[in-house]
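The two complexes that follow have subunit A in common; it is paired with subunit B in the first and with subunit C in the second.
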Partner chain A sequence: MIEAHIHKTLSTANGKMLLDIQLNIKKGQFVTLYGPSGAGKTSTLRILAGLLSADKGQIVVDDKVWLDSKKKINFSPQQRKIGYVFQDYALFPNMTVRRNLEFALEKGQDRSIIQELITIVELEELQDRKPETLSGGQQQRVALARALVRKPEVLLLDEPLSALDIKMRAKLQDYILKVHRQYGLTTILVSHDVGEIIKMSDEIYCLEAGKISKQGNPSAIFTNDRLSGKFQFTGEVIAIEQEEVVYIVTVLIGNNVVKIIAQESEITDLGIGDKVIVASKAFNPILLKIEK
Partner chain B sequence: MNTFSGHISDIQVNESLSMVSVRINEQVELKTIVVETPETASYLKIENAVEVLFKETEVIISTEDTLSISIQNKIKATIKEVKKGVLLSKLLLNSEIGEMIAILATEVLDELMLAENQEVTAMIKVNEIMISR
Partner chain C sequence: MMDWSPIILTAKLALVTTMILLIVSIPLAYWLAYSKSRIKPVIETLVSMPLVLPPTVLGFYLLMTFSPGNAFGSWLQDWFGIRLIFSFSGLVIGSVIYSLPFMVNPIQSGLASLPTSLTEASYVLGKSKIKTLFSVLLPNIKPSLLTGIVLAFAHTVGEFGVVLMIGGNIPEKTKVISIAIYDEVEALNYSNAHTYSLILVIITFIVLLSVYLINGGYLKRFWR
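Take a look at the complex of A and B:
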């Protein structure tokens, strides 16, 4: 259980912004922070990790007080049981994969965790290689394993997959979910990828200008649960063309471009760049297996 | 999108599917099948006000009204306006539940000799109607 109430005045490109965030995250939950750049997502993670100090607030994790500005309690990052993975992997270039993991061990810690993590994230073949010889996805797997060496209770992921291609991303998502479940972690992810968020998280907090604007179940936030259509996606309008008695609206959904036939009444308020929900009934689509 | 307001008059549930009847007015009830149940969707309640939605392209037009056909939703209508395109044409209908649009192939429009002021039946399959609260 993470209960956090954080206040911090941040200096942003658009002047000062007050970060005022309250989180109530159950143990074992996978939570995503979502919102535009500069909304305070990374600052929230850094304050939770103790890498950035809050102006005031409390952070209580499993009845342990990590931060209480009134009582002048402020645990150092090392005292907080946290694993942190960033977008850039920040591995030591002169060490092998195995050494990178071993370097994260605490004094006197049982070393068997290293082999366990190497097995879980499937690094056996790579363990004697240096980071520079690995692909981005492989390096991020090492960074994920390294973040788990000290057996954290909380895993913080700051856009860890945004530099990876789609295929690698899907694979890494599976590794993250695997360790999240296996170690009973409470995980907080920062992500912009709606598909990733719906796949991975139990709960989403939408941040805007330092405040939580919305909170809830990700598929309810991103789809329209007021509509019975089960085939729902969110996308962005990239073209609207009139043809004969109908309009053809082109919508970018993830990395796919789809076309929708629409009537004048549906496109009157619609412009290029608008976000839309594309909905159909579960009865209409067909499935075709892609041969391997 | 054709949109009409109504009230839920009946819900038949089996496993995760529900057949929902929505009373639009005294004469017309539209049926729709949805992958929801009253447990998964709070709006599925008898007498709840909902909207029914269906695409103009899913409206089937017939010039006869006593067809034996596997379509449950049948609505009487008069053609108010015809907009003829090359491949597709648009019918603006004055129906017993209000204005409705149907998009159909121009070939069919010619074949059935559909014209303004003609009485027709508009039909929509149960799996083409969505509910929105």
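Take a look at the complex of A and C:
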């Protein structure tokens, strides 16, 4: 469905970095780009959307060539027909929620899609409000709905949930999954959040300094399949304290702070800020660091 | 007996100038806000020059350029039958150049202050640059547009040097209010000069006050 090979020299805070990415995404897949800031995730998404031009490469979507530097083909963002959700939502402040959606309509397009999307993301009561009066989560729902008005086959999401609190996130993840399935979209998400990635994606590309370092099934990548827990959560270490002969590791899971007992051997390579999986079998909890 | 024609002429000049400026300045400000061209600093300098240049300098060069004694001026007269000096059209051209920065600068900074994601979102939704400009960008910089319009209008009302240089002092053609005041003072008609001056002070005060009221959101607060 999407085959892309992208080359681009990016100027970053630490000098020049070569972005060299090869993507091969099947129709209907939910793919996540994961990696540290400045690895080139957003740039990759922007090149796919045509908002940033690649130095060279090809992008073929559904047998249609969007970019071929050799043949001098380069579709403008207008021609590519994608849904794009921006990190800052980018809603038009001068239009109401409904007008924002209507603005996206193509000439002669059936208007019933507007009502349909408003119903799906539950915006009925907000449709006559201006974006500035909405909360972050509500704005993000409008942005998601607006991105789908033209019925794109590809949906690009640039860290759409990073500014939201944990409860709102979970709800929006459900909305995104819902539209992804309902409209048979091929979705590419940029995300930092391991829990979110495991919950949502079929496939993950890990980017490091402009290159793909790992690719595969998210739970396989994050846990190396070393674990067969009865249940497990991902979280972030916020404190490690020694108590007599054991250690107490404080982990932030969702919006809960959980204290977990750990052996010295378990904490040797753990530091504050590390992502961990907390899993439990019948008796003791297990702590496992997530490979970056 | 008060002669009202300078006031009417001034209002006409300021209106025509402001309308032309609005049409000229939107594309120019758009280009200045988004272009990465190398000649951009040069154009920016040229647009802003009337801010610092004495109006008489500008008027002098316009007079030289448009004078039928020179190549360009005689070409205009021979080919189009247009004579720009000592005429209302000449005043309009002078005023447009003179007030250009007052219209361009607010629109340019308004456009530059909008997040680029708004433009990008519109492009991704399949909308052209023109459609994006008129439906997304301009409606979101209304305060900047209003500031530009009012400043350009007020600045044109108050101009003196340019008008005197290229327009002279022809009643009902080029004798605007600021020239009329100068005239009356020279003729020692202080009471007429006073009336004209007071009208200018009042108009300027009302115009500027309304800008601050609208842009500061005060009106909205009081109306609710």
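The criterion applied here is as follows: the second predicted complex is superposed on the first by the 225 of 292 C-alpha atoms of A that agree within 3 Å, B and C clash if a C-alpha of one lies under 4 Å from a C-alpha of the other, contacts with A are read in each partner's own complex, and residues count from 1 in each chain.
Here is the rule we go by: contacts are C-beta pairs under 8 Å (C-beta built on N, C-alpha and C of every residue); 3 or more make two chains touch, one makes a residue touch a chain.
Predicted model, so just to flag it, every value in this text is computed and none were measured.
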- Task: With the two complexes superposed on chain A, say which partner A:Leu19 touches: subunit B (first), subunit C (second), both, or neither.
- Result: neither
- Which of the two partners, first being subunit B and second being subunit C, lies in contact with A:Ser265: first, second, both, or neither? first
- So, A:Glu244: does it touch subunit B (first), subunit C (second), both, or neither? first
- Task: Have a look at where A:Ala104 lands relative to subunit B and subunit C in the superposition and call it first, second, both or neither.
- Result: second
- Task: With both structures superposed, pick whichever of subunit B and subunit C touches the larger number of subunit A residues.
- Result: C
- Where does A:Ala279 make contact in the superposed view: on subunit B (first), on subunit C (second), on both, or on neither? first
- Contacts on subunit A seen with subunit B and repeated with subunit C across the two complexes: none
- Within the complex, which stretch of subunit B touches subunit A? 1, 32-36, 41, 43, 53, 55-57, 83, 85-90, 101, 103, 127-128, 130-133
- Item | Contact set on subunit C toward subunit A in their complex | 115, 117-118, 120-128, 135-136, 139-140
- subunit A contacts subunit C in the complex at 49, 51, 76-78, 80-84, 86-88, 90-94, 103-104, 106, 146-147, 149-150
- As the complex stands, subunit A meets subunit B at residues 224-230, 244-246, 261, 263, 265-266, 279, 281-284
